[in-house]
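Labels A, B and C are assigned to the chains in the order they are written; within every chain, residues are numbered from 1.
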Amino acid sequence: MQYAISILLSGVSLGGQYALIAIGYTMVYGILRLINFAHGDVFMVAGLMMVYLTASLPLAVSIPLVLILTVLLGFVIERAAYKPLREAPRMSVMISAIGVSYLLQNLATYITGGLPQMYPEIPGISATVSIAGVSTKWVTIVTPVLVLVLVAALTQLINHTKVGMAMRAVAKDFETAQLMGIKINAVISVTFIIGSFLAAVGSVLYFTNYQSIVPLSGSLPGLRAFVAAVFGGIGSIPGAVVGAFIIGLSESIIKGSNWSIFSDAFTFALLIIILVVKPTGLFGEKVTDKV
Amino acid sequence: MKNTSKKGAWIGLLCIAALLAAVVVLENVLDPNKNIMVFTALKKGAVYALVAVSMNLLNGFTGLFSLGQAGFMLLGAYTYAILTIPTSQRDAVYYIYNGSAINFSLPELFGGGAVGLVLGVLLALILGGCVAAVVAWLIGLPVLRLKSDYLAIATLGFGEIIRAVFQWDKLGPVTNGANALKNFPTFTSFNIQNANGETVLRLSTFVAFLLAGVCIAVIVLLINSTYGRAFKAIRDDEVAAEAMGINLSRHKRLAFVISSFFAGFGGGMFAMFANQAQAKTFTTAMTYEILLIVVIGGIGSVSGSCIAAFLYVAASEWWLRFLDAETFIGGVKVPLLRNGFRMVVFSVVIMIVVLFFRRGIMGDKELPDLLKKRRKEGAVK
Amino acid sequence: MSENVLKVENVTMQFGGVVAVDNLNLEVNQGEIVALIGPNGAGKTTAFNVITGVYQPTNGAVWFQGEKIVENHPQGKMKQQYKGEHAGDYTQVLAPTPDKVTRLGMARTFQNIRLWKSQTVFDNVLIAKHCRTTSNVFSAAFRLNRKEEAQQRENVLELLETVGLADVKDELATSLPYGKQRRLEIARALAAEPKLLLLDEPAAGMNPQETEELTAFIGEIRDRFHMTVFLIEHHMNLVMNISERIYVLDFGKLIAQGDPAAIQNDKRVIEAYLGVSEDA
């Protein structure tokens, strides 16, 4: 019983952390039709920045600073690596994304010397708490709550602000939105800013749980979050959140069994099955191709 | 018109023969022990050239964006290794699993010696390609229906699944679990020794070039055949291709299977190059490396992929090595230079190529096209 | 047995609740040039797509050279939604893919030109021969099919000469002027060795002179290759000049059929094109 609860708890918190990353994937895909391969690495860089900033600054300063710097990173990546390729074939943009991911990973290896870095303890969420006899960190409980709050705020933003309306318009039809005078580049930047912000929050929660960061720390959580986004229906924010919780829970269950070596394989098998059986995912809109 | 193309083919063959001869001479004149980097770069370059061309067949010529290359290489590498480890070495390699479940070795089945080695290695490499091709055939049907980026992510995931399966404990007696397979014949096994055990003729690099060269030649022949033209039609406009009687699913699957065959073959060669086969080598990062080679060389150019493969490997393994070493000039430490800097510089270079030289070295042209053009321009002058 | 090359039988195409083609019946006979006309959105291209296997009809059948090649009946959700007729007449499901239909002997062109952009004029036509290749991938890669390949190249050259594109054969297809691109698309379709040529608005975007040339060109092709031609067109000049028979679609329904003279005087056709006047 206790075992079941501990698996459930870690699954939910993992799911929450994936959800924060998955939203970034799903929003970018919704607007640019681009799998932003570098998103997982932005998440990793946010973690590393925290490590280096807390070495010299108090937490109260470094946490906001990490959020700001990550947002800036996301913004710069979009402007430098994706914007120049707006008219290029989709394959080029995707290759550029892979290139950025490669660059961020190699930079991280260079700076850290390839050694795992210890994530700082954050008072409040690093402390342990006991629920139904299972001891866990506060972050496990904070994560799902925070995710729900952030998603609610994001939904409000998208449904009730001018920027949100512009985002929905661009996602629906890129060209027409452009013709209607929507500033496409601004909308895309906002998308990347929101995505990176959520990834930064996710990294604080994730690494408080897992503590050690290596340059490749971002790629697998990134891919899993992407799978979650596809599972929920790419382009749909609630879909990404639901998908992330499902992926988080199933990963936690498999890791707890003696099939743990297959936890990633399972995630990808799930992805392939969804893509083949129901490519639009749980909540995705049907896209019809015109001949 | 017919004559010129025939003449071109002969010139091409001559060039390749000359290149192969040059490789033999080079390896026997330069001391490989003092020039490790040169020969590492050449061998790895040859392997990567083949794998990059096989990826180009899919991504560049058929327009299918697949990221499963490392997975298919893994299949080829393991098949090769499992089939060629000498029976006497099996207990040592599989010591964790108390010996191997497979207790024969192809070179020995062919009677050992030089003949056994050549036939055994060749057959094992081809079988490696076949295993990859069969797996590609099986997953091709569902996966190839997906559109561009979904196909990419599905094949990427597929590579990860293969990697997990090969590291699975239960398959240990066959795959050696997460441990490396080794002690099988490598490129160096082809160096000819005299009775005293001294090497008289070094052929290791030559063998790598020959194998890769033959495979690439076959791919080029395919690309220039009626099937290759059909692939290009699918890349340019799927709807029109289908309306002109080209069966999309059949041809996509064909391209996928052939590309995977050569990726598997290349995977076997990679095992020969690395002297070992281990699942954890064949990561997504490896697929990305190959993809970047294809991009740098020019999507849709075979000669571009080959040139880029050698440039890429030489740069990362050899020319840029100095960036990783802390250097002092006149007692002053050169800033930035330390372990890892090479890869940073390297990824910056790649980003520059991707952003500013989007067509790569060759665009979609081939080397002979460019030479022809040069000659024409020369004639005008 | 039957003289007709193409027979469309009770075809209805319904997208959700929208009936795009409503109980269409038509026939095209050997050696004829037949046109399908109608205002924008009348369902002409949809009908074409059903015939060529791009869409599966909701109900009905298509016959080609006396053989039934397409058949369908309302299934699943469509059973309740279906608004057309003849719902119970068809039981089989025959849904060939477009490439299969082409290999059976129908080749088409597209309303918005779809040439293979990176290929030369010659290769564009040569690729269309691929569906007639008998060699497998091994014999093709290892050049064991030299004879067939040489034969195909010769045929393509001949074809290009016939359509007047031999002088530009080594140029990129997309570098040709518009009118020649149209011509090339028709040549490409002919290379697939069809019995029936389907042209989707071949004169779209052409000036009067180009249209005139095209009209003559289509006639030539019919005579030279003993081809049967079925075309969709907006240009009334072209249609009236070359078609032997005309079918008129409006809102998915066939409203008239007959020879050009009869169609020109048909009241319903005039209404469909010009709209019904208030006091009529």
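Definition applied: a contact is a pair of C-beta atoms (placed from the backbone, for glycine too) under 8 Å apart; a residue touches a chain by one contact, two chains touch by 3 or more.
Please read these numbers as outputs of a predicted model, since none were measured by experiment.
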Closest chain to global C-alpha mean, per-chain Cα centroids: B
Reference chain C; chain at largest CA-centroid distance: A
Approximate Å spacing (C-alpha centroids) for the pair chain B, chain C: 45
Centroid spacing, where centroids are CA-atom means, of chain A and chain C in whole angstrom: 49
Chain centre separation (chain A, chain B; CA means) in Å: 33
Two or more partner chains touched - positions in chain A: 291
Residue numbers of chain B (touch at least two other chains): 239
Contacts with two or more other chains, residues of chain C listed in rising order: 54
Complex contact set, residues of chain B against chain A: 59, 65, 142-143, 145-146, 148-150, 152-154, 156-158, 160-161, 163-165, 167-169, 239, 284-285, 288, 291-292, 295, 299, 338-341, 343-344, 346-348, 350-351, 354-355, 358
Interfacial residue positions of chain A with respect to chain B in the complex: 33-35, 80-81, 84-85, 88, 90-92, 94-96, 98-103, 106-107, 109-111, 113-114, 219, 223, 226-227, 230, 261-262, 264-265, 267-269, 271-272, 275-276, 279, 291
Touch list for chain B against partner chain C, complex: 218, 221-222, 225-227, 229-230, 232-233, 235-237, 239-248, 254, 258, 300, 364
Parts of chain C lying in touch with chain B, wherever the complex brings them together: 52, 54, 97-100, 102-103, 107-108, 110, 114-119, 123, 126-133, 135, 137, 140-143, 145, 149, 152, 188-189, 192
